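Below are structures written as structure tokens.
Two complexes come next, and they have one chain in common, chain A, joined by chain B in the first and chain C in the second.
== the complex of A and B ==
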């Protein structure tokens, strides 16, 4: 039972981490490898605010999410927008280069030590006489549910959200219909980086904070997004839960260190059966 | 003397990466497969060599040459399996699948202790001709051996690129559907080239083991894949000379920062700086030289058959040449 809970928590964090990646893939048509490093930036920003500047944790979290979002947009403007015309391969490699740049800078600043936020361990919640999850874990689940609902609302009810969906289907056509694709893609980068920062913080909350966080997570994020189908947001959410659950539930049978391998095996199996992912994400 | 050993060490490492880049150029550059699994075949080559040659309880204790041949064969068989499964997929989907296989290989190497000795790995491994060459000069000899093999790799890849097979590979890269429509077998060709390239990488795995004289799973992280791709992009995708130059430039820049004298507490900053420089180089080259340091060049068909000497073509020479070379691009 506790494995299922762990799985759901992992899945929830994965949802937040992969939605942004998926949105960028859908609108800009490239795999943004540097997305993993935005998780790293978010987590260390929160560490900076919480443990160095002694902000309360909630405030530290809000500040670092905003800071990561703005930084993500700036990085996109400086590095990605100028090479947009050169094609997706150039964008893909630029994002790999940017990952190295971010990784190098963060490493130079913080060094190799493993850190934690130093949050006191919270009480367990008792349900039917058995302790199943802590308030921290409940908080993670609630936050990701809130993100999913807010995002769903934005995408289906607001003008910008509808514009985003139109732009994702066909950028040129959307532009002809008077959708301001420049403004919208700024929003996409803001939301995507902000969510990445949030996911990084939640991840560091449930574990520790180390330099390899970005590289590890980007692999799993890519698996989730591929399984979910290209740029399909709801497929991505489903896939995040499936992969999160199977990664943690599988530890009952196989050694824990094979946890990530399970995610990759799922990806390979899914691609063999359905080369375009779980949901119909639209062909190239 | 010490500086000579140091330089030959850089040359050996650069040569190893250059060989990887040439092998990657065969399937990633010329054929245009988005293969992010190169470190997987590298690891398989290195591990199978080690397990074949190391003494009894852990390995089979075979002679070195048998180990090299065996590692190439094992890598080839494994990549045949991986390629058979994944080559039906396109671009991003192929990329993530090959990536996934490489990660699985690394995780297996770290966990199956009965086979690979887990995260500790093996150390103190033998190097070729070690007994004939005194310790101080060994690195010098080894860098020569690496350069010799690199030359063979380069000539082989160059011959392949200029052959009909090479043109056919480029045709697949540029437009798969058109190539299929003129009656070429896409999937079989991809599989052949994929296995060939992986065998080359497997062979380089042996050199890596000799260079490091240890083997452990954390030597085979995805950072190697990214480094090799970076080298290839820097030098120019699709160009063997570019692959070699890109690899040497990248390794040189990364290793040159070790010369900067800094107090020990700044070594972390320097390590970060090294990543930063590699990343910045990649970004800048892509921005200002999207073709890489050396753009892809290949002999066009009319040059190969010396059409312009016989001047069968009715158009004026210049126009005919342009039209033909445009067709070839």
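== the complex of A and C ==
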């Protein structure tokens, strides 16, 4: 039971980290490698607000997510939008280059020191007589669920959400039918970067802020998105949970050092059996 | 199907380019102050990346040694030492590129600083280039019998430190423990000899869990340790994973005693995991007796120069000694070259010879035509045929948010 809970926690962080990546793939049609560095920016923004400017942690989180979202949009406008017409490979290389630029700039500012938010260790919650979950981990699960529900609501109940789904299917057709793809694209970058920032904060909450945070996550994020069906948001969410659970539950029978390898074994299996991923693609 | 193919092409391209870029992080970022020195000495280490936290104090130590040498008038009739620092980004690729730069572009006579993996990678190249590689903190057992020719280290071997650790635990009545070890060479090597000695002395390892760096959580790994119900856990891993592991253990109420690898025996470890969690954690590190005059002088001078206390676990005194010993070796050989260092370093640091404790004393004796035996600030530093030194050790414990020396073990502790 404990391993299942650990897997859910891992999966929940992966959900938040992967959805944005998946959204950008779906609408812009390229792998945004710089997404990993947005996690890094989010974490260090929160550190700036919490530990340098002495904001309460909740406020620091909110400001950091907003700041990362805005920064993500600005970066997209400066670096991606102008080369959009040049094709996905140009976008891909731009995103890789941008990753290193962000990494270098953050490193120049913060230095190589490892930092933490300095949060108190949270207490454990008793579930069925045993302590298997901390309040901090419960917070991660709840935040993740909230993101899933809010996103589901936006996609299914709002005009912009429906527009996003249409744009995801066929950008040109959506534009012809009067959907403002420019505006929607801005929303996608805002949401994607904001969620990446949030994931970065959640990761740093339970561990440390270190420069490798973005690089450590991007490969797992990519495997989640592949398993989920490249751009299918619900598939991505499901894949994040499956990969999270597999990595943690597998440690019961295989040595823990193979934990990450399990994620990639799943990717290989999915690509062999079901190349289109768990879902067919599309936003729903 | 078209989309799937496009995705596959994108992923392949991304991975290829990312891997390529990852290698290129190792390119040397020279920030050496070219202040007109006559002999270039390379400081080759990760100023960024996971070693970054360690190297800042190492750089201070090497600068301190350089300033002392230059203040004493330099070597070989007034030649001054100039430090060229090269960032390896804490990667082996970076070390190889950085070493090439030091050898070919900077004409450095020695490269001080590589960690275990980089020492191993440069082992064959150093004799060809005739520029020695020297490490203050490469403790791997892999280096036990392969150095000595253009490869030296003032770091104690993991094999001896593992033996000391095992003996101390057994003698203090700890007969059952669990081990958490990182999935990389440095950590594995750190545990290898310890495990062998500990079990040989009658100890039992209840569980050994290997973990990867950079994971979101380590709950599963900790649960495996908890299932073995140990009283004491030995942690051999990097500093960046430590907060996640130690905080989770505390959170889950795992009330184990902890011993940690010397690699994390630094103030930063206490700062990142928190004073309360760190209290009582112990380690055994290669360290000079804090009452030793040379070590006391090093600490005092360091504090006066950099307005901060040096941390024992950063191997600062070991780094300092490497440059002093190299300079004395060049003076003894009458030549500023890597070959001169390789040829004479044992002669100036090992007995017989007049015992000297500082560079200035050593220089005076050498100029008077006497043999010398330099006693380092990190210990006697007598290099054996494989370029290793015998070290003394200290049991350190976190008390009131600081590493404090609990007990000192001289180099003959294992005899």
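Some observations on this one:
Keep this in mind: the second predicted complex is superposed on the first by the 281 of 284 C-alpha atoms of A that agree within 3 Å, B and C clash if a C-alpha of one lies under 4 Å from a C-alpha of the other, contacts with A are read in each partner's own complex, and residues count from 1 in each chain.
Following the convention adopted for this analysis, contacts are C-beta pairs under 8 Å (C-beta built on N, C-alpha and C of every residue); 3 or more make two chains touch, one makes a residue touch a chain.
Every value quoted in this text rests on a predicted model; they were computed, and no experiment measured them.
With both complexes brought onto chain A, simultaneous placement of chain B and chain C is prevented by a clash.
Of the two partner chains, chain B and chain C are each touched by A:93.
Residue contacts after overlaying the shared chain place A:82 against chain B, while chain C stays out of touching range.
With both structures placed on the common chain, the touch criterion links A:156 to neither chain B nor chain C.
Once the two complexes are overlaid on the shared chain, A:180 sits clear of chain B and of chain C alike. Residue by residue along chain A, chain B and chain C are tallied for touches, and C comes out ahead.
In the superposed pair of complexes, A:101 makes contact with chain B only, with no contact to chain C.
Of the two partner chains, chain B is the only one that A:272 touches; chain C does not reach it.
Of the two partner chains, neither chain B nor chain C is touched by A:170. When the two structures are aligned on the shared chain, A:264 is found in touch with chain B, with no touch to chain C.
Contacts of A:31 after superposition: both chain B and chain C are touched. Within chain A, the residues touching chain B in one complex and chain C in the other are 31, 93, 96, 100, 107, 111-112, 215, 222, 226, 230, 255, 257, 260, 275-276.
The touching residues of chain C, when paired with chain A in their complex, are 3-4, 6-7, 10-11, 13-14, 17-18, 21-22, 47-50, 52-53, 55-56, 183, 209-217, 219-221, 223-224, 239-241, 243-244, 247-248, 250-253, 268, 272-274, 276-277.
Per the touch definition, chain A reaches chain B in the complex via residues 31, 79, 82-83, 86, 90, 93-94, 96-109, 111-112, 215, 219, 222-223, 226, 230, 255, 257-258, 260-261, 264-265, 267-268, 271-272, 275-276, 284. By the touch criterion given at the top, residues 2-3, 5-6, 9-10, 13-14, 25, 29-31, 33, 88-89, 92-93, 96, 100, 107, 111-116, 118, 121-124, 131, 134, 136, 203, 206-208, 210-213, 215-217, 222, 226, 230, 248, 251, 255-257, 259-260, 275-276, 281 of chain A touch chain C in their complex.
Within the complex formed with chain A, the chain B residues making contact are 85-86, 88-93, 95-97, 99-101, 103-104, 107-108, 110-111, 221-223, 226, 229-230, 233, 268-269, 271-283, 286-287, 290.
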